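Let me begin by handing over the structure; questions about it come next.
Chain lettering (A, B, C and D) follows the sequence in which the chains are written, and residue indices restart at 1 in each chain.
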Amino acid sequence: MTVLLEMRDIHKTYPNGTIANRGVNLEVREGEIHALVGENGAGKSTLMKILFGLEAPTQGEIYYKGEPVQFHGPRDAIQHGLGMVHQHFMLAPSLTVSENIVLGDEPRKGPLHMFRDRNKELEDINQLIKDFGLKLDPKAVVESISVGQKQRVEILKVLFRGAKLIILDEPTAVLTPQETDELFDSLKTLVEQKYTIIFITHKLREVMEISDRITVLKAGKTIQTLETKDTSQEEISRLMVGRDVLFRVEKQEQVLRDMVLELNHVNAVDDKGVAMLKDVSLKVHGGEIFGIAGVEGNGQRELVEVITGMRKATGGEILYFNENIIGKSIGEIRNLKIGHIPEDRQTTGACLTSTIEENLILDVYDHPEFRFGPFMKHKRLKEFAQVLMKTFDVRADSGETLAGSLSGGNLQKVVIARELAKNPKLLIASQPTRGVDIGAIEFIHREIIKKRDQGAAVLLVSAELSEIMSLSDRIGVLYNGELVAVLDNTPDLTEQEIGYYMLGIKKAKQEAASQ
Amino acid sequence: MNNKRFLYLDLVGIIGSVVLAVLCGFAIILLVSDEPINAISSFLLGPFSSPFNISTIINKATPLIFTGLSLAVVFQTNVFSMGAEGQLYVGGFVGALAAVYIPGLSPWIHIPVILAAALAGGALFGAIPGYLKAKWNANEVVTTLMLNYVAIIMTSYLVNNVFKDPKSGGFARMKFFDKDLLLPKISGSFPVHYGIFIAIIATVIIYLLMYKTRLGYEMRLVGKNDTFAKYGGINTKKIIVYSVMISGALAGLGGIVELMGIHGTYKDSFSINLGFDGIIIALLARNNPLGVVLSAFFYAYLQVGGQVMQAESDVSRELAVIIQCLLVLFVSAQAVFNYLKQRAILKQSKKNTSEGVKADVV
Amino acid sequence: MWSNLWAQIADLTIVVVLLRSMTPILLAALGGLISDVTGVTNIGLEGQMLVAAFSSIAVGSATGSWFIGVLCGVLICVALSYVMAFFHLRLGVDVIITGFAINTFGSGVTVFLMNKIFNVTGSYNPEHLDKIPTINIPFIEDIPFLGKLLSGHSLMVWIGLLSVVFCFYMLYRTPYGVHLRAIGEAPQSARSLGIPVKRLQYSSLAWSGVFVGLAGAFMSMGMTSMFVKDMTAGTGFLALAVVLLGNRNPVGILVGSLIFGLAKALETLLQTIPNSPVPSQFVQILPYVVTILALVVYAIRRHGKQTDSLGTASAK
Amino acid sequence: GGNSDKNAGSSGDGAGKKLSVGYYVNATLGDKSFFDSVKRGVDQAVSDLGFEAKTIEGGTNQGDWAAGLESMISSKKYDVILVGTSQMTEIVKDLAQKYPDQKFIFFDDAIKDMPNVYSMTYSQSEGSFLAGAFAAYVTTSTELKASNPDKVIGFVGGQDIPIINDFKSGYEQGAQYVDKDIKVVSSYIGNFADAPKAKELALAQYNSQKADIVYQVAAAAGLGVLEAGNEKGLYTIGVDSNQNGLYPGSVLSSMMKNLDTSTVRALQMFKDNKLPFGQLEVLGVKEGGVGLAEDDNYNKYVPQTIRDNMEQITQKLKSGEIKVKSTLE
């Protein structure tokens, strides 16, 4: 196969001084799926932004189809047949799906081609949707569509512009397994049609499944490029993290304690006022991890928010150590030793423009031992934060570093450190490892298990079925806002079985669900 | 990372842009003035040429410090209030009522009562947009802009029709405050009134409030990311109302200090733009309370410079105003020192990579 | 007193006054809108209007043509927009500071130039001025009701109303407009598709200059035929309020301006009622209070639609 | 503003240096009336009396005024400083005490018993009385084409504040003096700059209230009123300085505060060492401090009968037969 793209000795220093790339080499062949892996902050996204003309390299050369090229902006790159799906959505929420797709390359009509040709726009997009078999309503407003659909919009944006080399930066981080499968099917079709794909992910399983070759980055440098068929997950992870990573989770024998959380017939509505949680009842004991499986958007978010007080329940009761906590404020609930790792660390779980310390002290700053009248005891708080950073291995210059400059994995460690530091009796962990590298995943899993072993109740919500299966003692499945099954996590429970419940094909008896 | 290392560049940048701005101003003066040297030197040096002018700078900076602080506080909570002007009027008005209509107190009690009244007046008036914002998310820019008009017109009504001193002549004012209620001046030849000390105290308090207290922490969190603050159990609505009230209180205090220090009583439309200038000052200071003091002095210096230039040379008032605008624009131009900083960072990173220094980012 | 007021409402005087008072606010607010959708809040409307008002009447009286006058006013206002854009977008000056500086500058430079060019201070009223024409529609002007409603308004009133349509089409029906909206909402996204964000922001400020320029020209050559220093007297800030009140779309802005214009018209009529027992100041605050009320009503309605939850925490 | 006319003035050098006068404007120039009028007086003193002059505009921020004036005094450049309005009264009293060597001419409000201050005030109520009487004759006139039978006259003020209401009160007294049935419609702009609003208010008075003459007391914004009158083909009365020429035939007269002539008069007396410092002079109709502008336009457009009537009233004011109440005392 011919070499399509070569990036040589790329260096990049960000304006704030962060050095993201320090000599990266990458070679991509025509028609292959090339996986790019590395820890959080290894410089993968940066490298791709440079390729796409979004960031200028401080140093280095790019050869495309054998020619040295310099993309002075995405327009250049697009014209050369590059397309990129970014790690975070790049969509204008109030525009429609079709407006987002054609943005910048609208079909035009009228005098001087002044007006949008909205008919042609819709035709073109419908054609694309048909060609690639992606389900989407072009007229829907983007802010109202699901995460999976947004991802499809991103891919259509690329395809609409006729890209031949497609960069996908962690496209699966927010997708459900089903959506991931669909995406992979589309990718395979694309490769058959001579498209070339660069694929970034933290999920090594996916890497093994779909890629032809793999390049590993570490600390801004290329470590190695490997043929997928000649390597293994273990080898890649060793290259990435620099040590062996345990994929299997070690758990102690379960010791069941008092009931901590009990939901009885809880109902809630979503942001638009539509019923989203329907009559959910469940019980979680101390020393137990209760996993919630389900395709995203089936009420997981509402469930977590109702328990943590961030959303009003429209019916039922939520008992915490036999006390109804419905109607309590978020703050009161947090003070009851309930820890909450929210699904979105960028906006809910952390304040990116505050320092790490300020993020860590959120729960304790007004505790008696840290305050003096209206004042905070800064020194004590600093020590407190220092200790947490050490125990949870948050890697940063100092506690005064802005949280926003941390990589995804380190940021998540900050959130977890804070939530676990208060010794929660109930821990609610929502998508705790989303977008986090394997080293960090291992760490986070161990911490969650540790809590369970110390006797806390854990409610684990994850779109990652393998995560649910490897951590949970019992598994509940949410489908369409109902808890359709509660299953013991015995060795003979299969992903397939749970999958049936998740897709609503199978439904356990109501009594079983509420025990 | 290493922000402190680049601090000197900030300074270089600021000085650089001031020089640039001054050059620009000179160019204009050269074009229109017959005595450019005189004009320029009176603009630049005039403000320091006499104790009297220096004291004018200080006196002019005083109310600006209050309004600048007032806005720095709300801006840090991410509420874009433009309401300092109205709050200043209301606070000043209520304070003045306390000064004129509470009889028979010793100044030692009366002055604190007046200040407290002004604080309360400003705070309560500030609470209106805060409440509307917290309760219904009503856009604070609109409400504060409109409430400014309401405050100015209604205080004008009251002072013209209800609380007018019959002796006030063609322009309404209240009765003059008792002499011992006025803020004393440092000396006859250096007539700085004691308001500046109140302003400094207020600055220190606000600094402590914002950075050392729990409330300040909460306010800053709400400003930076209110979703996170809510998630952390902070009652964000309450915090927003508090912050707007504190802001109003500061503006109100600024109003009464101006009355007790300069005017001697409440005069109809006594402030022109003190509240709006405060916005510029807070932004120049990047909402840092200590920076507010510096910006206020800078701003007052520019104004006095303009006045001196007008008095000493043939440059007109309008031109002085135009030059002030340019100076403010250039001094707040970040691009200049961003550029310098960037170059320094790049140089350093080249050195780092070539020396193979270990990654300073995880 | 009420009967008198009713009579004026009934005979449509109020509509005529409303259209006149509304037009400068409407035009300026449209100008504010176009830059606002791209994420650049133009606080300098007031100063820009002053400059436009002055330059259009200066050129208009010198050339004897209202058209050339308005054109020049608009062009100079656009140039001023570019200056503003330069400071904000290129030199990185905070947009609010830039706006306030432009306001102060506008106030100062007009007086300065008036003095230099015409050797007058404070106000300039040329003897012969070709004002922006009024449009009398034949036949319709003779129909009792319709005539007063449709005929006899200044050309600029119609331009103002047409501008709403224009802005609507531009923002929603042209690719350019979609780009403008996109860069305000998701600049990163626009940039990643090769849309030149800064260049579009420059151009949006230029459009801002066009409409604000028209508003300014109307004040000096339509509503009156003179320039008085600081004659905008806060119109720019009211327009800013209307931009936000109008929910950042042209139709909303029309509604906002109508509400405001109506309140102003009512103020005018109430103020001229003989022996009114209501103090003048209470009447003067009417437009401001009405605006606050309108905003609150709007906010409550919008608020009612949302359920109590933390905002959608979706990644952008 | 702020232009010093150092080389102007041809007379009075010879012996010693020129006298210098400083004019502190506690506002900005350009209202085409009040402060400008004094400025004209100062300019005349420069050209005719050989003064050196410097005008400093203090701007609209009241907080600046005391310091601005004081810095002018402490520069010791001026033999006499001109400053005025009741907003400056207290400030000038303070400073006059603090700087006993500095001489002041204070206009438009009273300062008595300060040995270094001479003050002169203008009776705007007397002047406005004339305007009111004049308006009353106009609105009931059968000779003036645009006058209607309704006995309604208008008043547009800048702000609802005492000084403006003193004008208004004199205006009403004058109108009532001529005809008890006359109704005065009054409106306020809310500031002194919004000419479009002033015009709108005047138009409403003409259109809806059937006023046919409107008296404006709104500085620069008042020009909007004059334009409204012209546009409607109806009548207006200007203020402060002679505005008759702006729209001949529509601006029938102006209530002048003759600040310019009285300024020249005071400066002349100062030059001759005759200025009675420590005293207050009230300049009414009798003293020529205020009066209607009776120029060629006035003679051309105002019917003889009205002019005669006005002449009588003027005489009565001068003789003290008519007394006008001021709301400021």
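The criterion applied here is as follows: a contact is a pair of C-beta atoms (placed from the backbone, for glycine too) under 8 Å apart; a residue touches a chain by one contact, two chains touch by 3 or more.
What you see is a predicted model, and the numbers here were worked out from it, not measured in a lab.
Q: What chain lies farthest away from chain D once each centre is taken as the mean of the Cα atoms?
A: A
Q: Express in whole angstrom the distance between the two chain centres, defined as the mean CA positions of chain A and chain C.
A: Measuring from centre to centre gives 45 Å for this pair.
Q: If you average the CA atoms of chain B and of chain C, how far apart do the two points sit, in angstrom?
A: Those two chain centres are 29 Å apart.
Q: Which integer distance in Å separates the CA centroid of chain B from that of chain D?
A: Roughly 37 Å, centre to centre.
Q: Hey, what residues on chain C touch two or more of the other chains?
A: 111, 115, 279, 281, 284, 310, 313
Q: Got the chain A residues that touch at least 2 other chains?
A: Correct list: 310, 342, 347-348.
Q: Considering chain D alone, which of its residues make contact with at least two other chains?
A: 1, 28, 160, 190, in rising order.
Q: I'd like to see which chains touch which, written out pair by pair.
A: So the chains that touch one another pair up as A-B, A-C, B-C, B-D, C-D.
Q: How about chain B: which of its residues touch chain D in the complex?
A: 50, 52-53, 56, 59-60, 63, 153, 156-157, 160, 164, 168-172, 176, 188, 191, 258, 262-264, 267-274, 303, 307-308, 310-311, 314-318
Q: In the complex, go through chain A and note every residue touching chain C.
A: 52, 54, 73-78, 84, 86, 88-95, 99-100, 103-106, 108, 114-116, 143, 147, 157, 174, 269-273, 305, 310-312, 342-344, 346-348
Q: Quick one: which bits of chain C touch chain D in the complex? Just the residue numbers, please.
A: Contact set of chain C toward chain D: 4, 7-8, 13, 17, 20-21, 24, 111, 114-115, 120-123, 125, 219, 223-226, 228-231, 233, 268-269, 271-275, 279-281, 284.
Q: Quick one: in the complex, what on chain C touches chain B?
A: By the definition above, chain C touches chain B via 87, 90-94, 96-98, 100-102, 104-105, 107-109, 111-112, 115, 234, 237-238, 240-241, 244-245, 279, 281-282, 284-285, 288-289, 291-292, 295-296, 299-300, 302-303, 310-311, 313.
Q: What part of chain B is in contact with chain C in the complex they form?
A: My answer: residues 132, 136-139, 141-143, 145-147, 149-150, 153-154, 156-157, 160-161, 227, 230-231, 276, 279-280, 283-284, 316, 318-319, 321-322, 324-326, 328-330, 332-336, 338.
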